[in-house]
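Naming follows writing order (A, B, C and D), and every chain is counted from residue 1.
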Amino acid sequence: MNAPMIVAAVVVVVGLSASFAGVAIRGRLRGLVTMGVGTVVMLGVAGPTRPATLGMTLMAGITLAGMLVFARILARLIDGDEPDRRGIDEARR
Amino acid sequence: MTIGAALPVLLLATSLVPAIATFFIPERSHRLRTALNVIAAVVKVVLVGALVAGVLYFGLEFEWRAAFLPGIDLVLRADPIPLLFVFLSALLWLTTTVYAVGYLADDGHRSRFFGFFGLCVTATVGVALAGNLVTFLVFYELLTVTTYPLVVHDGTAKARAGGRAYLLYTLTGGALLLLGTVWLHALAGPLEFGQTEVVGALAVNHRTTLTIVFVILIVALGFKAALVPLHGWLPQAMVAPAPVSALLHAVAVVKAGAYGIVRVVHDLFGLPLAQDLGVLMPLTIVAAITIVYGSTRALIQDDLKRRLAYSTVSQLSYIVLGISVVSLSSTTGGLVHLVHQGIMKVTLFYCAGNLGKRGVHRVSEMDGIGRRMPVTMLAFTVAAVGMVGIPPTAGFVTKWYLGLGAAEAGQPWIIGVLALSSALNAAYFLPPVARAWLPPDPGERSEPTGRALAGEPGGWLLLPPVATAVSVLGLGILAGAPLSPLTWAAFIAEELMPS
Amino acid sequence: MNALAWLAPVALPIAGALLWPVVGPARRWLLVLAPLPALLLGVFGAPGPPPQLNWLLLEAIADLDIGSRPLLVMTAFVWMVAGASARRIGDDRPAFASLMLLTCAGNVGVLLAADVVTFYVMFAWMTFAAYGLVVHHRTESARRAGRVYVVLAVLGEVALLAGLLLAATHAGTTAMPEVAGSLATAPGRSMIIGLLIGGFGVKVGLVPLHVWLPLAHPAAPVAASAVLSGTMIKAGLVGWLRILPLGEVALPGFGATLIGLGLVGAVLGVVAGTLQSDPKVLLAYSSVSQMGLITTAVGLGLVLPDDATAAVFAAVAYAVHHGIAKASLFLGVGVHKAGTRGWSHRTLLAGMGLAALALAGAPLTTGWIAKQTLKSVADALPEGGGQPLTLALSLAAAGTTVLMVRLLWLVREPSGPRSSPRSDAPADARGVIAPWASIVVAVAVGGWLLPLAVPDAPSLLPLTTSGLWDGLWPVLLGLVPCAGWLRYRPDRRLARASPRPAIPAGDLLLLIERLAPAVSIPAWWLLHRFDAMERRARTFQDVGRVTVRPGALIDHLEDRLTGWRTAGALYVLIGIAVTVALALGTA
Amino acid sequence: MSELSLAAGVLVLVVAGPLLGAVLAVADHGHASSRLVGLVTGLIASAVTVLSVTVAGSGTPLTLVLLAGPGLELTLVADGLAVAMVVMTTIVAIAVAGFATSEDRESPQARHPRFWPVWFALWSALHLLFLAGDLLTAYLMLEAIGVAGAALVSLDGRRHTLLAATRYLYAELVASMTVLAGIALIWHQTGSLRFAELGPELSAHPEGWLALGVVTAGLLLKLPLAPVHLWLPAAHAWAPSAVSPILSAVVVKSAFAVLIRLWFLASPGLVTRHGAQLLGSLGVVAIVWGSVVALRSAHLKQLIAYSTVSQLGFLMLLVPLMQAGSADAWRGGVLYAVAHALAKAALLMAAAVIAEDAERPDVEAVIGAVTRRPLAVFAIGVAALSLVGLPPSGGFVGKWYLLVASLRTGQWWWLPPILVGSLLTAGYLLKLLKRAFATDDLATSRPTASPVAGVGAAPEAAAEPADVGFDARGALALALALVTVVIGVRPAALLELIDIGAPLVTGGG
């Protein structure tokens, strides 16, 4: 675990806790983005700078970005906040 | 697929195929459904006859084996003991089908009923013919599952409560049986019935584990054999329609439990090992307690079918008692009671069904019913007298052999138990008979409330009880005859007894 | 042919019973002819040895030993006579007729059976078929009598079954002679013999177990009572004679108890009998008393093994005599109840007087012969034990005389053709007199035929003068108190005013019936509570619906668990746990 | 060469087939006609059959390297586990396809333009995931499945489905990123992500455990394993009736396959007893907690969702038994996964059919269903057989091996959870069956039968003909359920397939 990986790991953990602790959907979304950036950076600095690492980081980054955009679209579709609990009871009403 | 292997499978098929076919018969075509089921039942009885003749007279070997799990086979083998049970279930399936046709004349779900009915008998035959413990487990669980829809056939709240209790007990029993089977399999590898030496060899260094496994197996089977603490479901499952109570609680389900205990004690562990492990005496004690407990509880049941249910609880333990006492006569008694109890109890349930059709559900409502339903009550009287063990009925033969065996084995206290239970049986079976034939004051006999329609039910409902009642007497009087269940049981007992 | 001779006595009545509803008007003769094969077998014996019947029951064996042959003749004869007088009842109640035939089959079967199982089957068959006869009238008293009869019958049967099982196991076979023989050396012999004595004692009317007899016999119609008291009561005696190890071993203990209980029975029968107002109950108590005497004979057999054959013969002789005499008396009461006028009443009184004399043991009657043989056996008692016993027997004879006078007193007025619907015999007595007359003749003649029927009967016939006097003085002694009573009897109205007898029928029973509730009510209450408790417990099984509370807890916990914050915390926790587990765990 | 190329071709077809379907569906602007769906499904089915036959015949895993480039590696490994999972997915997919097409006429969502393309894409991602030979492909497919699943759930745009989908997607995102972080660590420590190669170096590396721990944590959330099952109830309860079978039966198995492949095929060296026992005990928690909540739930689909949570607990029991070195555990666990998938899909289809009739989502919808939908109720019955583990069903065989393994490896403490779990499963399935047979007062929602008192309640249903028309979808559900019975009676073939390429275990069964 070289030094930059540790910094990226810290960012991941911060993002993780923000995504769970986040108050509203937006709060959680921000947490997820932070965590995403952290993991991609972590992957990027992980291996010796060989084309493989670069390729993987690129691919992982693109897919993560896609997911986050989809999450953003869903968040916008839901007007109002998302319930905290198991998401069944309120949904039924 | 030699004839030796074909017959057992054919035996299974004769009730499986019609059952599945019956599911698809539309509700309206009664005749087709009735014909299919009755013919299937007759064919099965003929096949069983051929099987019995083959085994007893020509000494043929019938076995069907198919790979189930790697290293474990599904085995159907027609040894003498299975034949006894198959013979009983085939015969009583025929009579109960005839009875059910009459009983459910105005029921809306007959295709469903006869379908599951056939599946239940297939499972029973499977349980009987099972050659090893795994096959036994497979059909044992299949029996539990196929009988549930029958118990809740009426769909009322009470039926469902009965069904729930039934499944709660029997599934727990099934889980324990699975545990016991797996444990034995892990210890001894694949295990066939009859190879008692395999388990015997294990006993050298696995004494405690084998005892634990034995206890687990007996408790698991005890749920269906209604040993005392585990009998709770039986009285509640009485909500089922009469033909279901007749077949389930006289032949299929409860007998599977008792039969299982017979197989485990004799064909799996073997009597000498069981005796050596010292597990037989507790089993005898539990059986004795169940006998007395069942009879006392039956004393105060006013509902007729619940009284019969508690009587079944008590009578089943005669079989277990007979098996667990180490002597030739008591083993014979236990085995023959497998057949006798079935036939007597089925008759009682048929009559209870007929009475039910006429609105008589409780013993207190049976005053003077003898005059209005003489044939049904005659059959009921014969079977009741049989249950009490008054000669010359089949019940007496069992009591005689159990008593003889107990004395031979040097446990005279069992004769005390038999005596007490006979007295108790008399106390709860004879009064209803007396009330039926001798209403309190013939002058102004209180006509039971308008509900009870006069007269006997139709032919379909009368034929089975009469047939089985006659056989109760026949088995008693002709007990010594060459092909009677008694000689057959004695033949088996000689084989089983080590001495 | 030989098999037919052996099987017909039992098979014909059974066939008759089953075919009764089918057979046309000729069936009225079936009742009379059913016992005929048994009579022929008894009198002429069978051409060959008994056939092997191992397909029947459990290897049934039939045999006719010396003791039971005369009994068979008597039983068959009494059954024919009873059948004849019951023909009219049979017409309107087919059930009664078939039950009579079934009981006859059982009664005859008991005498023919030679193996323990068949004996027990026939014994039980007879007992439970007789229940139908007892409750024939369906009155409340008949039902109560039936109830008591069944309860005691079941207890008796159960004790008998236990005893026979233990005996048969020790003997290793079911043949009765061997079982009796091996009983002498059986471990736990006293328990087995106790059970057997109790089991048969119920049927014989041994004192504490006799309570059903005074209730059941009168409740049944007259023809049935005749058979119940005449022949069926003897089945218990046959059981004792065949199964107890008479002649093999001396059982002073059991012998003494039997003799004691016999004498108590004799006295109780006389005392309670005289106080009765219903002639049939009186006769029932007389049966208890007479069977008490027979029990003493059996007791003697047990005490003196070498005199056992004499004791057996005495018992059999007495049983035959009592059977015929008692049956004739019961039938006489039947004729009386049926209504007799003028000369028929007088002949009735004469006939019943003759039977009464026989029963009392007046000289030259069958009763006298039987009593004398009994006394001769008693004399053989060692160290002078015989004297008090013969005295007791004579006093019993005196008592019987008193009883008989009371009976004749009760029957003295001609009871015109009352047309009460309840009368169990038809208004006109024609159908009943003929059979009654035939049995009275038998009473007169029977005594002398006895030695002929049993060729090698010991020459005990006491034709000496002392024997005659010995028979006469008890009768005279009995007549003295009767004369006194006749002379100074209290006002007629008082006698009739209190119809309830001082000791009601079934003496000890009333005591038991009062005590029973103290036990049965709490037992019933306990059982019901247990039942209710189990029904309440069942609600526990409805896991889903037990109470709302646990359900709500689960829902609440689940909601929190799936909330973001808790889930997040749990997720991190699990991640760390797994990583740590992988780090420090051994490979 | 020809032999290899045929197999290679088939492998590619298996993975690419569904993609082809997706493209065609998009080309047909979403309204895939049943003919098109039938054609593509048939093609894929035949390809999968050929694949399984060749792999079973050869007895050895089939590997194919598609892209060997430094950056982008893509190798397909068709070993026993992969083929079994692919076969399972195909069977369920065929059933769901039939179900969805026959559903076209009634419910709108099947005709939703985005349904068929996404559905085929999901199918293709599943195939690729099971066949993936390296961790990165597996990771990418996990993400694709997550997105496709969420998309399918939020198909009809109603508020509660959107909420469920969001919750599902967020959980998937967090899990994926954790896995990615783990992958980064593995890449850093071993320089290769191929399952076959990363094992030795990882276990040699001092901090190998950290990487495996992080990936496992991510996979547990994706599975989901009980304590962190926050997203499953909502997603599966509100997924449309055509989607929930795939979600509950197959998608949940994707993370499971990756986990056991990683733990036992890739880096068995790293698997420690404590780690395995921890996962096992989490499994037990899942079994108990899932069943208890299922017993309590009144909502039909929620009950089935929690049943999935509980059944996944059973699957996790395989981990400690495998670690103790029992081949039976691998065999039993994988077969149980297949049997559960088929039974759960059948159960969901049957429940969907019945719930549609009653137009009410709660458990009361099933009342009196036996008269209206006999085949569907029968399907529920047979599916229950397998879920509870009663013979003759695949579930029984799976549990049998788990029990034998736990006894043979001496870890007897897994016996009670399995048995009690089975009984609890029976409990909540009985809730459905009990109501299915109800014909009297309980039928408050639909006055199907006026309760006839007195002798034998003969509901006046006898008057109206008891057999409704042949409902195709009920029959389909029943057919799927009967497949588990076939597995239960003849498990030998499937067991041999699963044994191919099974992790080499020392000692044990």
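The rule we apply is simple: contacts are C-beta pairs under 8 Å (C-beta built on N, C-alpha and C of every residue); 3 or more make two chains touch, one makes a residue touch a chain.
Source: prediction; values computed, not measured.
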item: Partner chains that chain B and chain C have in common; value: D
item: Middle chain, criterion being Cα centroid separation; value: B
item: Comparison of B-D and C-D (more C-beta pairs in contact); value: B-D
item: Length of the line joining the C-alpha centres of chain A and chain B, rounded to whole Å; value: 65
item: Distance between the centres, which are taken as Cα means, of chain D and chain C, whole angstrom; value: 77
item: Distance from chain D to chain B - Cα centre to Cα centre, in angstrom; value: 41
item: Centroid distance [mean C-alpha coordinates] between chain C and chain A, Å; value: 98
item: Residues of chain D engaged with two or more neighbouring chains; value: 174, 178, 210, 230, 233
item: Sites on chain C at which at least two other chains make contact; value: 558, 562-564, 567, 571
item: Sites on chain B at which at least two other chains make contact; value: 164
item: In contact (per the touch rule at the top): chain pairs; value: A-C, A-D, B-C, B-D, C-D
item: Chain D residues within the chain B interface of the complex; value: 368, 370-371, 374, 381, 385, 388-392, 396-397, 399-401, 403-404, 407-408, 415, 419, 422-423, 426, 430, 433-434, 437-442, 451, 454-459, 461-462, 465-467, 489, 491-492, 495
item: Residues of chain D touching chain A in the complex; value: 69-73, 136, 139-140, 143-144, 146-147, 150-151, 154, 157, 159-167, 169-170, 172-174, 176-178, 180-181, 183-185, 187-188, 191, 207, 210, 230, 233-234, 237-238, 299, 302, 361
item: Of all residues in chain C, those that touch chain D in their complex; value: 543-544, 551, 554-555, 558, 561-564, 567, 570-571, 574-575, 577-587
item: Chain A residues within the chain C interface of the complex; value: 16-17, 19-22, 28, 84-87, 89
item: List of chain C residues in touch with chain A within their complex; value: 558-560, 562-565, 567-569, 571-572
